[in-house]
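So that you can tell them apart, the chains are marked A, B and C in the order they are listed, and the count of residues begins at 1 in each.
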Amino acid sequence: MRELTTSQAINEALAEELERDPRVFLIGEDIGLHGGAFAVTKGLFQRFGPKRIRNTPISEAVIVGAAVGAALVGTRPVAELMYLDFVTLAMDQIVNQGAKVKYMFGGKARVPAVVRMPFGAGRANAAQHSQSLEAWLCHVPGLKVVMPSTPADAKGLLKSAIRDDNLVLVLENKHLYFQKGPVPDGEHLVPLGAADVKRPGKDATVVATGRLLSAALSAAETLSKDGIDVEVLDPRTLYPLDAQAIIASVKKTGRLVTVHEAVKRFGFGAEVAAIVAESEAFDYLDAPIQRVAGAEVPVPFSKSLEDLFLPDEAKIVAACRRTLA
Amino acid sequence: MELRMYRTMLRIRSFEQKLQELSKRGILRGSIHFCIGQEAVAAGVCAALEPTDVITSTHRGHGHAIAKGARVGPMFAELLGKATGYCKGKGGSMHIADLDLGHLGANGIVGGGLPIATGAALGFQQLGLARVVAAFFGDGAINEGTFHESLNLAALWKLPVVFVCENNQFGMTTPLAEASSQPDLAQRAVAYNIPGVKADGMDVREAQRVASEAVQRARAGQGPTLISMETYRFEGHYVGDPVVYRTKEETEAWKAKDPIVRQREYLLRARLVAQADLDRIAGEIAREMEEGVLFALSSPDPDPSELYTDVYST
Amino acid sequence: MAFEIAMPQLGLTMEAGTVLHWLKRVGDTVRKEEPLLEIETDKTAVEVTSDTEGVLLAIVVPEGKAVPVGTVLGWIGQAGEAAPRVPAAAAGVATPRPSAPPPVSAAAEPAAPSGPTGPVRATPAARARARAAGVSLAAVRGTGPEGRVQARDVEGVRARPSPAGAYRDLPVAGARKVIAERLSQSFHGSVPVLLTAEAVVDRAHDLVGQMESDFRAKTGGKIGYLPLIVKAAALALRAHSRLNAHWMGHAIRLFEEIDIGIAVSLDGGLVVPVLRRADRLSLAEIATGVATLADKARTGTLTPAEMEGGTFTVSNLGGHHIGFFMPVINPPQVAILGVGRAAPRPMFRDGQVQALRALPLSLVFDHRAVDGEPAAAFLDAVKAALEAPYRLLL
């Protein structure tokens, strides 16, 4: 088991899949010689050449649209948009084209493409480069959405996404690129649609995504000193969601706290809360569900304000305590 | 080939006219966009393609589909929402597709097919296949951002795609002069450093010749061409369009250039066919349409379980 | 077409009934007006007759089950006809709610009040456990925020150590269940305050003695103190009308008539039949009225009308050696008078210790509706009337 940064783990995943399947190629901005805005594709251009690592102009719509078209005729492209915020420029190709061609065409088409998009606040990137927009994408039938929180999961999920025959959006929290974690040697695949209990517990269930997984784990540590035993669950795939794992956990603990960077309204936490309320876990709920989320504002630039925007360990601890009041 | 193209155009025209009948009977649902008058573009371009080449189409795409080899039975069925349609009734007029025929789909989004066509060409390049993509789009789509991005990338990477603009002079109800700062559409190729060619879209032989040159360029790895086919739709934008934005005189002037009539006259003049052959062909096509409609009308609706299928590939 | 047999609404405040006994079996022929089944409402058993003729196609609610008014109990139709399917929810168990007479003006009626008399705040887990344990949420004290009942609170109610050794369970159902819930709501919902007073009843005692033989000759029964107490209370209510009222939540309903409920103890529980216009009855009429109601209560023949609409209640434990006690207000009334046993005691009077007959009076009033002053004044009036019983004849 090695310690890799998330960035290195993703790099490994790309290299392995490029090696394994000649139909796989990368397409995106500055991914060639430069090695990617976040160094994720470092070294790949040198190793695989310009035919497999396609460096594009700044053209989000055709980057994604070309990925869809290329996938339709039999290749397996992995596109990259530099920031999830820029998905807006490619929304038609994702939502109206890629997500729907299989259904609209009566089943014959396949779009085995991946779009990787870094996201998240906390690096003074301000309002247009810091958003968490996963809710938009999870809302569209035909799309799959994954959000890894550890280097091992980032590698395993990306490899599975590339091998999946659907349009899979891989949302990578920027903050995690430089975080280290253990990554298994050899072939490492994490299946889509499977959550992971990162810390078992019995007093409350915390469902946390992205960089907030580690804040949730810290919160659990803090609460354990008061004899409160929190279970931390990492969904890993947002759609299709492993609802069964969440339901089973809430049946065990009776309390649910959702944690994400995206703003609260109409968000992933709302979906989890509704799923639980509609499920058999409803009769086990012993306190109102709590959602911890980003402040409902555009992400501010100033650090002091950006820190207020982001959820943190203290907010997660407070939410857990509210369920135990 | 001349005769084949004539036949194709006549099939397209008959199909559209049959749809007009069905529409008047009130059994067609949703938006239908007729390409009557524009048949030469579809027939001419597709005649320049190999069966393994692919096309992307538009919301006005019945002609493209038929020209690419679609049979009218499953097309009628698709427009009537039947299980036997090309898309099992789940796509409708604006999303007709058949990957087996190399038809990568009509598109309800103006300009939505251009990046996909660019991508298909990229895919062929990746796979080392000597195949070409013909991307159909209109004078309305030429002002979408996707046009710009697609042509730029295709030109940069010398992708094997031919961009065919069906310039029917109107983007819905807005005339070309009011929509395009550069109304000479072929000139826009200059921005991408690729050849731009204007052609008479009412002349199927010219359309085929111009398309053929562009297809050969693409297949030879020389990159894309922008072709502007000057044409005209004889009907409104959609069924029920009151067409307040064109004059009768203008429409009549273009109708005088009917591509089917022109090709018929050419065939007779060049003694490639006799009148009797033309009559026979007309009869065959009329029967083909009747059978197609019967097939569609007698087909079942999709099974309710189809609501949830084909969302994801397993 | 099949006709449904539904749990009837007998009486304005009836919200649920228990199926006691089906008098017909599936497949039996039923004639119009023939008795079909016996149900138990708050306190009485009532026969339900058929509205139609036909064959009893199906029994949906079995004996022993309590269901809300309107629930389909069974179906009558033609022989061989299939009974319609009834959704599971319709055949569910009654969930008791605080009863209140229908509002007179809709505009004044607010949404269901939250708080002790409104819906109980309880988590889904608490509700599930309460349902499983047959515990009423209204009886559980919630320790969560804003008094929310949580699962552990229900656990606390369940976990009473059972005595070692043999025991038998009396099911809490029917009348017992209703009493438990209503009194629990009353006690936890209202603000009960106890006032006590002693009436010196030597004169009343003499009066009763004088009336006894006449009364026995006339009616064959005993008279006792109770008619005097009821009359005294009724007259005092005339003068202190704030205690002749109902708590409606948004209003205090003051009644024109004085209808006094007399608590009667039975084997199965407590019933409180109502003596209408008690202030206008003579002592004899009160005595016979009470006796009749008590008889009917014991034989289970009280009509719903006889049990509804009381404005005040008297609870007499004088038959036992009871002094002061704290009776529970009968909701939605605002007060109840408890009476203990009159007994000779040494008391001070005119500077001397004398042997006097003291009757313990216990008034519990709902402080939401009535304040201490008026309540005390009322009790004073009752005491005064009993100490100078000629006032009861005026």
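In this section, a contact is a pair of C-beta atoms (placed from the backbone, for glycine too) under 8 Å apart; a residue touches a chain by one contact, two chains touch by 3 or more.
Just so we're clear, the structure is a prediction, and the values are computed from it rather than from any experiment.
Undergrad: Find out how few touching-chain steps suffice to connect chain B with chain C.
TA: 2
Undergrad: Select the chain whose centre, defined as the mean of its C-alpha atoms, is least distant from the mean of all protein C-alpha atoms.
TA: Central by C-alpha mean position: chain A.
Undergrad: Determine, using the mean of C-alpha atoms as each chain's centre, which chain is farthest from chain C.
TA: Farthest by centroid: B.
Undergrad: What whole-Å value do you get for the distance between chain B and chain C if each is reduced to the mean of its CA atoms?
TA: About 83 Å separates the centre of chain B from that of chain C.
Undergrad: Using mean C-alpha positions as chain centres, tell me how far chain A is from chain B in Å, no decimals.
TA: Centre separation, chain A to chain B: 40 Å.
Undergrad: Can you give the whole-Å distance between the Cα centres of chain A and chain C?
TA: Each chain reduced to its C-alpha mean, chain A and chain C end up 62 Å apart.
Undergrad: Please name which positions on chain A make contact with chain C in the complex.
TA: Going by the criterion above, the answer is residues 254, 282-287, 325.
Undergrad: Inside the complex, what are the residues of chain C that reach chain A?
TA: Listed in rising order, the residues of chain C that touch chain A are 123-128, 144-145, 150-151.
Undergrad: Using the touch definition from the top, list the residues of chain A that touch chain B in their complex.
TA: 23, 25, 27, 51, 54, 56-57, 59, 61-62, 64-75, 77, 92-93, 96-97, 101-112, 141-142, 144, 165-166
Undergrad: State the interface residues of chain B toward chain A in the complex, per the touch definition above.
TA: 54, 56, 85-91, 95, 97-100, 104-105, 107-109, 112, 114-124, 126-127, 145-146, 149-150, 152-153, 156-157, 309-314
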